[in-house]
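Two complexes come next, and they have one chain in common, chain A, joined by chain B in the first and chain C in the second.
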Partner chain A sequence: MDWYFWIFAVMALGGGLFTITYKDILPCAMGLLTVFIAMAALYLHLNAPLVAVFQVTIYAGAILVLVLFVVMLLMSPGEKIKKSQVNCSNRFMGAVLTVGLMIFLGIGTKGLSDMIGAKELPEKFGNPGQLGIVLVQKFILHFEVVSVLLLAALVGAIYLAKKRI
Partner chain B sequence: MNEWTIAIIKVVFIWSWTLLIATIMTWVERRGSALIQDRLGPNIAGPFGLFQPLADGIKLFTKEEFAPKHAHKILFTLGPVLFAIQAFSAYAVIPFGDKIVINAKEIVLQVADVNIGFLFVLAVGSLAVYGFVVGGWGSNNKYSLLGGLRATAQLLSYEVPLGLAMLAVCMTYGSFSLREISLDQAGTFLGFLPNWGIFKQPLGFLVFIVAAYAEANRVPFDLPEAESELVAGYHTEYGGMRLGLYLFGEYVNLYTLSALMVTIYFGAWHIPYVDMSSYLGPLAYGIVSFLVFFLKCAFFLWLFVWVRWTIPRFRFDQLMGLGWKSLIPLGLLNLFVTAFLIQITV
Partner chain C sequence: MDITTVTLNHYIALSVLLFGLGTLGVLVRRNTLLIFMSIELMMNAVNLMLVAFSHYKADLSGQVMVLFIYAVAAGEVAVGLAILIALFRHLKNVDINNFNIMKG
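Up next, the complex of A and B:
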């Protein structure tokens, strides 16, 4: 039994459930923070320390903080999130689709892991230098496409924020 | 002694050492401010008032744990805890000396030498903002909320130049590991300059130190607690040991940042032009390397106090302007120049 995995997997799922069910905004954010930290711990378990550190720095340290910034501008402490209109058929559809997706993902992962089988980790796996080499040599095209995408998003955001440039 | 005992001793040592320094720093801060403002400062308790932190501690511990009626009880307690946890855990990857040899066993003076060293410091440091936000929101008070709001914007903005400056250092020394960076700073380059980060990355150091002051939430960038505008900002409602954790965490952060500056820019435990290990025995060398490292840290700790009582506070728009319009472009420029120099010299 892989206790490390189970502890953090349960922590991530619990945090996620708390985030979407609780009605007070800042505790929800703390729930999301728990999810990010638990995910980082799981990445560490998968021999990917760099991904784990970036998970914490970027998701927990930057994106969630940005969300909180907006929350603090728009809401005040003690204010509850308004309940949205309950539409039973929509909820039912959502539940069915989610369960279906989960089953698909589960079977897909199982099939994939059976197909690949257990492999020895290559030397220096997860090492930052190694990751850099893979990123800018083997996957340089993907890397550049992502940077162009980010640049486009940046330009778009500036255009939206500033009507007259 | 097996590996486990050594690891536990190191952890306990650096933990208590950091706490001791944080305690003494409260005294240094008060005496330092008195020195600069031509006053005496606390001078009654013990020699030079050195027992003042002890008295302060007893007072904070014995004070009633009071929470205002409208505060969110859980968040109100969670805030200082979150802040203290990140402050106390950041030192884990920073060295505090070279190595010490006891009974022919080599002990590296660092809790964990991980190959993503400074990224870890950056990741843990980026969680500091939750202490401010949770405390500010949990207090349910407009000054606290404004303090928390300012903290989010400020800490988020200044993380970027901090990271950029550190990245340039990492490119210069070709490693993420703080111990390897420290070891690489021995000797000289260009024939006469010590092989220190400050001489190889002067612009990077400037960006780093300004961003570090903002990250540590110190004057001139202590906008989240600006007492002339926000009473005490995010910790307006706090008292007793909850406030103590905030204050303590701040001094621990100062020590971590000073140690980081010494490690990556000021040659860690190296003395310029002198190779200590060839003059001293292995045990003495370990102790001296620790002391040299600490003396350099002590200078930067004093610098934090010195700057605090010398320079007035920025306005918030000035703070944001400095971060986004000066430090980030400078950090990027520094990164490009470093990359260019590495390309043409290798």
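Up next, the complex of A and C:
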């Protein structure tokens, strides 16, 4: 099933490239949607069905809709993004920095896969029941902390978006 | 070894490439909403790396970590977009070059 990886890898990279290069912002959001869907498909391939479902519901569902909502709130209709005020040298610097970072990451992750080696997957690896058991046995404190964090984010977002701050 | 056979290295390479695209977006684009989307792209790259390691190491902790990242990402998006709306009320645009009111 190697073609599966290649199809969705190309889809993710193409969507990402589209997102950061296209000049109108709504198509950029659609490119981001492509990336999210491709990621969900790759998660399915990696025995993570629950993560794939959450990828679609939370990222492609909630987060992207929120971003689109704000785009439509802030951009007046038909408005194009203005030609950016950065000059070419700024862009060049960005590209150089990015290439440097990617070389750094490539060196850092080289040989990691040999270190791990091939492990035999246990029976029913990654099905939601097992994930839930790990979640409440090993990570119960983190789970509670995340719930408090979400509550704080909720209150903060409502406060910030009010009429006057 | 056949190079088209998918291994952990392929997932690492894809993840690094996506992270680089996100970084490039943050550094090059000037629209704050697009910078926001690029950050989401970077976060997705990291999630892919975590899930890939979880699969090849046969350890479910990586997937649980991704679930936590989803919760944090949801909070981050909500607060970030609220800050953006508040800034838009003051400055009437979303160009990051104008967000220098805290310059000392």
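Convention: the second predicted complex is superposed on the first by the 146 of 165 C-alpha atoms of A that agree within 3 Å, B and C clash if a C-alpha of one lies under 4 Å from a C-alpha of the other, contacts with A are read in each partner's own complex, and residues count from 1 in each chain.
Methods note: a residue touches a chain if its C-beta (ideal position, glycine included) is under 8 Å from a C-beta of that chain, and two chains touch if they have at least 3 such contacts.
Since we're looking at a predicted model, the values are computed, not measured.
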item: Partners on chain A (chain B, chain C) - clash or fit; value: fit
item: Touched partner set for A:Gly61, first chain B, second chain C, both or neither; value: first
item: Contacts of A:Val148 with chain B and chain C, given as first, second, both or neither; value: neither
item: A:Lys138 touches, of chain B and chain C: first, second, both or neither?; value: second
item: Per-residue touch tally on chain A - higher for chain B or for chain C; value: C
item: Touched partner set for A:Leu73, first chain B, second chain C, both or neither; value: both
item: Chain B versus chain C as contact partner of A:Met115, first or second or both or neither; value: neither
item: Touched partner set for A:Cys88, first chain B, second chain C, both or neither; value: neither
item: Chain B versus chain C as contact partner of A:Met30, first or second or both or neither; value: first
item: Which superposed partner A:Ala9 touches (first chain B, second chain C, both, neither); value: second
item: First, second, both or neither for A:Leu50, with chain B first and chain C second; value: both
item: Superposed arrangement (fit on chain A Cα atoms) - minimum chain B/chain C Cα distance in Å; value: 14
item: Overlap of the chain B and chain C footprints on chain A, listed as residue numbers; value: 50, 54, 62, 66, 73
item: Sites on chain C touched by chain A in the complex; value: 4-14, 16-25, 27-31, 33-34, 36-38, 40-41, 44, 47-48, 51-58, 60-61, 63-64, 66-68, 70-79, 81-86, 88, 94-95, 97
item: Chain A - residues contacting chain B, complex; value: 24, 26-27, 30, 33, 49-50, 53-54, 56-57, 60-62, 65-66, 68-69, 72-73, 76-78, 127-128
item: Contacting residues of chain A [partner chain C, same complex]; value: 2, 5-6, 9, 12-13, 16-17, 19-20, 25, 28-29, 32, 35-36, 39, 42-43, 46-48, 50-51, 54-55, 58-59, 62-63, 66-67, 70-71, 73-74, 81-82, 84-86, 90-91, 93-95, 97-99, 101-102, 105-106, 109, 112-113, 116, 118-122, 125-126, 130-131, 134-135, 138-139, 142, 146, 149-150, 152-154, 156-161, 165
item: Chain A-touching residues of chain B, taken from the complex the two chains share; value: 70, 72, 74-75, 78, 114-116, 119-120, 122-127, 129-130, 133-134, 137-140, 145, 148-149, 152-153, 155-156, 159, 163, 176
